[in-house]
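Chains: A, B, C and D, in written order; residue numbering restarts at 1 for each.
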């Protein structure tokens, strides 16, 4: 038998027998719940803190607002629909399938109306994709602000979608040669609309009706939403009711007043659709301190890129002086989240924890300062800079920035 | 026979014959978007004073009497010259490139909580008032499809297309440093909202809003 | 513009304008739910029929019983935890993380006790795997019996698991050379235990604590269960409390009285762990008739193999006379579910719908009769025969067997 | 230094020093399984008559007075000679290969709803009674660790190891037929439980149990 690290002998010191083992517990004696107890189940009561949370001062009210996925408590890559973040502009609406209509109009040979039942008759496809709000990490542009990965990076989810390729629906209507863009719009009162170049529309965009196996949740666009792989969440129109083929972009409110990125000189970038490679250490992090003291520690996080697959994630425990390439839990999936792990022996000293994603294009996630040098501090959107968590000796953590 | 039909219809990307023709009345009901060149604008018109009346009744409670904003609700006027400063104030006058966006958004998305009920005339009038409150027209201005294209918003030229491919991707695509990448590392900033970790009530109530990015 | 199939002109006949389009609906005018409405969400009310269901006459009571995943209503491959089937032998127990203990004992250098917190400190891995009860389709051995894919094939789910490789925990304890098997046991009152050869234990078995991103649900073994890729669900011990390294199998009740397969001559196979390649058309099927009449029809289903990846699925609409290779939604994933689609133009005539899975070993899912020829009708478990749905002209469907 | 420690501990599959030593009392509390050769059996003994008393009190309500089963609850005796017939009746006497399994299962999993409370003596006695009710011992039989190995259950040789690799995989791994695979196809059987499609109450109440595979 092999020699154990120092911590081991301490932790394994003899004590008194644990009554949780030596005494027959109620759950080992009496019956639990039968198979008719929860036809559709929820998480166990002990996990009641694993929920979406909103930050009340971010917006004037909760109807046009956002909440955050508890990424700090999740693992793997799939986001459960129940706690996948929501962003509404006029609240989550309740739209029954029999009441659902999808119109395709504009520069097409045949302007059409589909029912939900029609949608289910087209050939389907399936894919896992992340949906990230362009404003994710937006509160951090001017400096460290929110204390937890849920709040700094939680405007994202990653689900397995099933739906009809948009190009199939467009082929059904027949796109005219003058058609160069599409305009997509939701059935809610915000009538949230965005313009998308036809090239993307004919590539991988889909009209999805299932997420993680089941019907889309109400708050994610039931019965049908757009899935725009790799592109900002605002384009993923929920409760999709209309697709118009147009010659040019509509330049609607969501693509002019919002979702444009103002540079330091006051000029603003528009049409910044793609989400660049990004990563974050989800735990340990401010909401998930280290409670076990020195020794083996799993450092884990998520990485994603709107430009393809994540090929590598590096982790630094010293604020970016030295980096170790982390283990990807599985090979990267294009425009989907990748889980990474760094198995670390923590010496109990302070750490400045960072992660840095690399995608298949060779793009390396930049520092926040490198982004600021180019964009200034007023971009609001597309903050994909490297995040730093200051882990203190007591295992607690804080959101900081470093030189 | 089935097999042949499937081959021809599915393989060649031919239409499958699903759905039905959209009727003209249906298309008019939903095809409401307005483009920068005025495409999509309906008949009708409205003047500043009529617009002020409707605005005060339906909009001012949130956006302020002169569209200057209220509490956390968006301001729709003011902010000129702030785009290159810290925390720019982005309004129709200071930021928006196209008047069509105002007409379209107000018509389809406002008033918040009671949307998609404004008439074309209402919307022309409110839009005229919003131009006026931004100091862009006089108080006798009347807006209609005919003069719509003449109105140019101050920041019309303030936008460029996404240039990350040129300005960022080359710089951010070099082989990253792995060892001794810096001499020293100092903490330069601490989280300004420390008490964000919430209880179980699902609402992270922090201190003052330092940067309310989502308004 | 191209000529349309006959059905199209009918379906597209002019009518009166649809008030759902021409009139402003409430959901397009008033606000929906804010982002604080559902910190942890559930499916929309209209999907309340997408639930696990049990069949009361199958067992004496619901405490040691099973319910069925509504696979006929799902799509994609991920099973939502909320409706993933349950099998308990003494009900689903409520075991909090602080009360959780995992013992490793027997032929090891160091007999150990781990807390839940300890488990989280070991290097983790992630994988999507199907978990199929060996009794899935067991009620169909003697002939077509239950009328719906939920009931004939719903003792299965497919989730993304995260946990600690069992070999890591065994290495921590140090397996002695005499150790050839492990015995695994749960904390519930059934104390459900099974023996597993060490070779499998050291291969891909894991002690999982997350499924589909979040903590295991109570009914799936919170806080930790065994994941035994490709092998029958009974081995996937829930509320795992003990792993003993042994020289031989314990031959416990679950591996002698149950989960053995009696052949026609009265001799029973034991240690039939692996789940052979299998598939089923989930829709159309008895619970999901065709409501739209002739024309385009999506035929879809699931395929899986405990012996590796699904490489191909064939579909027959004429009871196995002729077969067409279906489209796999994504390339097969080892020991995980694969979704298949056949885009079919239905002529409105009767169909005898079948699917046939092929896995990477070249194994081809057999007919039920081919299985019966070898095993007889009393095997109870491991019925992976080809399923037939009789689709009638009115679109309704029935579970049948064919010559 | 950290890096070195990590390399040595994680890379070589060395123990990480997590967990603590299991104490002897703890191991005895949970290490209760009994193997076919009697490994795991504790001290103690019990006779048929004592067993009958406990059985009638704690078991008979479900399994019947003579272990013959009741309603849908499992029968524990009878069924001899049914294994090669349709619907075999599998009991301790007709099917189970090892007595250890009876002792172990009764001790750890029964009585259903109040498990893990039987003493060793109770369990020896009940097991003796179950042998008796299966006609395998006389009414004066006393069971203990010492004579445990002498008891052989009738179906001890009734099991073979999984032989699918030889008996099935070759036959089921040939290139499948794709076209005109049969001359004709007839429906040979219809679903016997047609009304299984349930309402929303989550319980598919069908007719009579035709095959209750899960008991």
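The criterion applied here is as follows: a contact is a pair of C-beta atoms (placed from the backbone, for glycine too) under 8 Å apart; a residue touches a chain by one contact, two chains touch by 3 or more.
Only a predicted model underlies this, so the values are computations on that prediction, with no experimental measurement involved.
By count of C-beta pairs in contact, A-B exceeds the other of the chain pairs A-B and B-C.
Distance between subunit A and subunit B, defined via averaged C-alpha coordinates, is recorded as 23 Å. Centre-to-centre spacing of subunit B and subunit D amounts to 66 Å, using the average Cα coordinate of each chain.
Subunit A and subunit C have CA centres that are 27 Å apart.
The centroid of the Cα atoms in subunit B and the matching centroid in subunit C are 45 Å apart. Listed for subunit D are residues 10, 14-16, 18-21, 26, 30, 112-113, 115-116, 202-203, each touching two or more other chains. Of all residues in subunit A, those that touch two or more other chains are 2, 12, 18, 21, 28-31, 36, 39, 48, 51-54, 63, 65-67, 90, 103, 110, 112-113, 121-123, 174, 189, 191, 295-296, 343.
Because contacts link the chains in a way that matches no line, ring, star or complete pattern, their graph is best described as other. Of all possible chain pairs, the ones that touch are A-B, A-C, A-D, B-C, C-D.
Residues of subunit C that touch subunit A in their complex: 1-2, 12, 18, 20-21, 25, 27-48, 50-54, 61-63, 65-67, 73-83, 86-88, 90-97, 99, 101, 103, 109-110, 112-113, 117, 120-127, 160-162, 174, 187-189, 191, 209-210, 212-215, 217-219, 222, 239, 291-292, 295-298, 300, 327, 329-330, 339, 341, 343. Across the complex, subunit C is touched by residues 2-3, 5-6, 9-10, 14-21, 23, 25-26, 29-30, 112-117, 202-203 of subunit B. Across the interface of their complex, subunit A is touched by residues 10, 13-16, 18-22, 26-27, 30-37, 62, 71-74, 83-84, 86-88, 90, 92, 95-98, 100-101, 104-105, 108-109, 112-113, 115-116, 158-164, 167-169, 171-174, 176-182, 184-198, 200, 202-206, 208-215 of subunit B.
On the subunit A side of its complex with subunit B, the touching residues are 48-49, 51-60, 63-67, 89-90, 103-106, 110-115, 118, 121-123, 135, 138-139, 141-148, 151, 168, 171-174, 183, 185, 189-191, 193, 241-242, 244, 246, 248-253, 256-257, 260, 262, 264-274, 276, 286-287, 314, 318-323, 352, 356, 358, 361-366, 370, 374, 377-378, 380, 390, 398-403. Residues 2, 4-9, 11-18, 21-24, 28-31, 36, 39, 295-296, 317, 324, 343-347 of subunit A are the ones touching subunit D in the complex.
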